[in-house]
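Going in written order, the chains are labelled A, B and C, and every chain counts its residues from 1.
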Amino acid sequence: MDFFVQILVGGLSIGFLYGLSAMGFVMIFKSSSVLNFAHGELLAIGAYFFLAFVTWAKLPILLSFLLALAACFLLGIIIERILLRPLIGEPLIFVIMLTVGLAAMFKGLILLLWGGNLFTYPDFLPKALGVQWGIVRIPPVYGATLIIGTVFLVLFGLFFKFSSQGIYMRSVADNQRAALSLGVHVKRVFALSWAIAALVAGMSGIVLGIINGVNVHDLSAIGLKVFPVVILGGLDSIGGAIIGGIIIGLLENFTSGYLSPSLRDVVPYVVLVLILLLKPYGLFGLKEIERV
Amino acid sequence: MHPCGNFRERYEQEIKVFSTDFGRLWAGVGFVLLLAVVPLLATPYTLYIVNTIGIAAIAVIGLNILIGFTGQISLGHGAFFGVGAYAAAILSTALGLPLIVSVPAAGLITALIGMIFGIPSGRLKGLYLTIATLAGQFIIEYVLIHWESLTQGTMGITLPPARLLGLPIRGDLGFYYLIFASLAGMGWIAVNLVRTRYGRAFIAIRDNDRAAEGMGIPIFRYKLLSFGISSFYAGFAGALWAYYMGSITAEPFNLGLSVEYIAMVIIGGLGSISGSIFGAVFITLLNEGLRFMTGILMNWGFISQSGLNIAPLREFVFGLAIVLFILLEPRGLAELWRIVRSNFRLWPFSY
Amino acid sequence: MDRMLLQLNNVSVVYSDVIQVLKGVSLSVENNRIVSLLGSNGAGKTTTLKAVSGLLKPENGKVTDGTILYRGKEIQNQSPETITRHGIIQVLEGRQPFKYLTIEENLRVGTATRWGKPYRQDLEKVYHYFPALWERRRGLAGYCSGGELQMLVMGRALMAHPELLLLDEPSLGLAPLVVKEIFRIIRQINEEEGTTIVLVEQNARMALQIAHYGYVMENGKIVMEGLAGDLCANPDIREFYLGLSAAGNVKSYTEVKSYRRRKRWL
């Protein structure tokens, strides 16, 4: 029972993180229909930014965290400005392959700068974040994950629901032509969605780094798990991404706990194929209304 | 010589492979030179590189049929290449099949496995195939490593020496002939395939799948067919590679290889069979060049002392090459070649 | 010059570098007027509007010749973001709502050109013109009827405080009573807000009833212009667009010989 609960808690918080990082992915997909294959590298970049600020620059934790997020935000804008904007109007396949190239570039760059070793952050989380209820023990990391994740989720929810810029972003995702006719800055929306996606990805990367340590290969592999997550949740549903993430996280943890640890990393992809076969638009996705 | 302007009057003229006899002649001469002269000039190392290029080119031609002609991306071709290699290895060791049977059979097996991953995505419009093949990549990698009774896991499989129709194929030179005969054959099939109704259906799907469907092209069947064909090419190339290497493990068939193939397709030129070969040449040479450079740089004292690891430079340069080609010359080396050629043809009078 | 809000001088538009749709269109729109643009399908009415609003660019179209002056300044081939900020808003043909946004959120997108400024009063104004929207303001636009959607997209455009409103076929596919209501509101907006309106319509009769001035397009050219009342009285217009014979009887569509129109005008 103890084991079961540990696995459950671990799976939930990892899954929550998957969901959060998938949220950024969905945002890019919704606004510009681009599948971002560099998502894992964005996670890794966030984690390494934080690492650099904490261990090299020796800045305080909170400041480093905010700086790392700001840097990711900026990076997102730069990527959109320099690499993706020239491709507006080109076939989507080019844009998607550009992200494949980008992924290789980023990964090579990180390996060049930091190498493939595992880094750990200094232990800074207050012990009070951990909770002990009888046999259930939640380590501080998971507590922190849940708090940070929830804060972000609520913030973004409010942003998209009520702020004007959030509504403009949704309008572009909905009907780009109409948004353009009303003077919505579509390019700015693209840049903003990349920026926010990079920020959320960076945040997830940092938290994953706190849990598992920082390593490019691991983080970029986790980045590819957004695909099972978003296919499960429906490619265009932000809420679906969170739930899909939690399901995948639980599934992984239970597989490695009860079946075999090596199976852990393929289970999400088996689920992906099954979902594509059985329920191709995901559990929560909107079936596209096609008009010729 | 090329006529100036478009004087084609019939569809047959439009789909001609060589627009003039002159071009046909040059292609023939080049082919003969390739077969006769290269082996004479080559050292074992250059032959090894040329062979690697040839094998990659076969796989990339297949991938180009999928990406360049049908407009679907596969991120699993590295794994499919591996499936071909393992299929050939298992067929030749466990069943004792000869090369001439096992290589095409390996291609067919790969095509079948590829189509299994293609089925769910074929039903959907858009780029679901990409995602399904990504899953395929990971699942196949896992199976290759963990199905030990079949693949012998991390131990790998050693193949019997290759024999073709009773003749032993020895050394890099023997394989050079085998590989280039295969490349010529597979290239010829591909060039002609894209001129048939199948090729035209693929292009129609690429350009507008809704319109293609409206014109009565069963897009699911054709997408799957295209995917099967391209997996066949990958499997075929993988099988040749297995024989060439003599022994295989699952290690090289990772996502990195898939990305490498995609890079070859893009850099070579989407939708161009000759471009696929250019892409294979470019990336393989880039690869070797970088390896060479890394070797030199590592010997420089200050770099090896600084602890900087140069090896990832390869990955970075790959990515950079993909990005730059997409931004600057999205139609790849094939287009650059065409421009160079027409400049030569018109020089010194550009009109 | 003061009274002229918009002037097109000899404007040519080419799509994808090969298809010429407008062949030297010249027209002018005075302040506070409703100008109606008539013509058959494919005459280039919508393209004219898009040339003004800058929406040609995403469709690979381009103004290759001539000038478009707005308040005396050239605006041809500017980006839609810039042009909408001059106060020119186009309402697209075929009602393009944001399906997954609520009515009120749809309206708020209309504030994009004035981002950061208060919009409460504008919302009230739109609900004043279109009371039907108020009742459904929390509902998703995807579930609205065609009439409601037309009101929605017009209201959305009003949110931007347009000086020049380009309306593309507001009556498309609507019931006659709804069309009447829509046209009444168009007139009302023009009178109360002082908004200048360019109205593209197939429904020539309705359009000429509310317009002050009219242009007729054929094959990418302006073939006739005049005060709305004069156009209504013109025998050719009566025959070709209003479906009336010289004697004033209603003719069936098949009897109207389009080749005669081409012969006489082109």
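Definition applied: a residue touches a chain if its C-beta (ideal position, glycine included) is under 8 Å from a C-beta of that chain, and two chains touch if they have at least 3 such contacts.
No experiment lies behind these values; they were computed from the predicted model shown.
*Asks:* Which word fits how the chains touch one another: line, ring, star, complete or other?
*Replies:* Drawn as a graph, the chains make an open path, so a line.
*Asks:* Taking each chain's centre as the mean of its C-alpha atoms, which one ends up farthest from the centre of subunit B?
*Replies:* So the chain farthest away from subunit B turns out to be C.
*Asks:* If you average all the Cα positions, which chain's own average lands nearest?
*Replies:* Taking the mean of all protein C-alpha atoms as reference, the closest chain is A.
*Asks:* For this structure, which two chains share the highest number of contact pairs?
*Replies:* Pair with the most C-beta pairs in contact: A-B.
*Asks:* Averaging over Cα atoms per chain, report the distance between subunit A and subunit B in Å.
*Replies:* 32
*Asks:* With centres defined as the mean C-alpha position, give me the subunit B-subunit C separation in Å.
*Replies:* 53
*Asks:* When the centre of a chain is set as the mean of its C-alpha atoms, what distance in Å lies between subunit A and subunit C?
*Replies:* 44
*Asks:* If you look only at subunit C, which of its residues touch subunit A in the complex?
*Replies:* 53, 55, 58, 60, 80-81, 83-85, 89-92, 96-101, 105-106, 108-113, 115-116, 153, 156-157, 160
*Asks:* Quick check on the complex: what are the subunit A residues that touch subunit B?
*Replies:* Residue positions touching the partner: 35, 37, 83, 86-87, 90-94, 96-98, 100-112, 115-116, 224, 227-228, 231, 262-263, 265-266, 269-270, 272-273, 276-277, 280, 290, 292.
*Asks:* Going by the contact rule at the top, pick out the subunit B residues touching subunit A in the complex.
*Replies:* Counting only subunit B, the residues touching subunit A are 67, 71, 73, 75, 117, 119-121, 123-124, 127-128, 130-132, 134-136, 138-139, 142, 146, 210, 214, 255, 259, 262-263, 266, 270, 308-323, 326-327, 330.
*Asks:* Considering the complex alone, what residue numbers of subunit A touch subunit C?
*Replies:* So the residues of subunit A touching subunit C come out as 89, 164-165, 167-168, 170-171, 174-175, 177-187, 286, 289.
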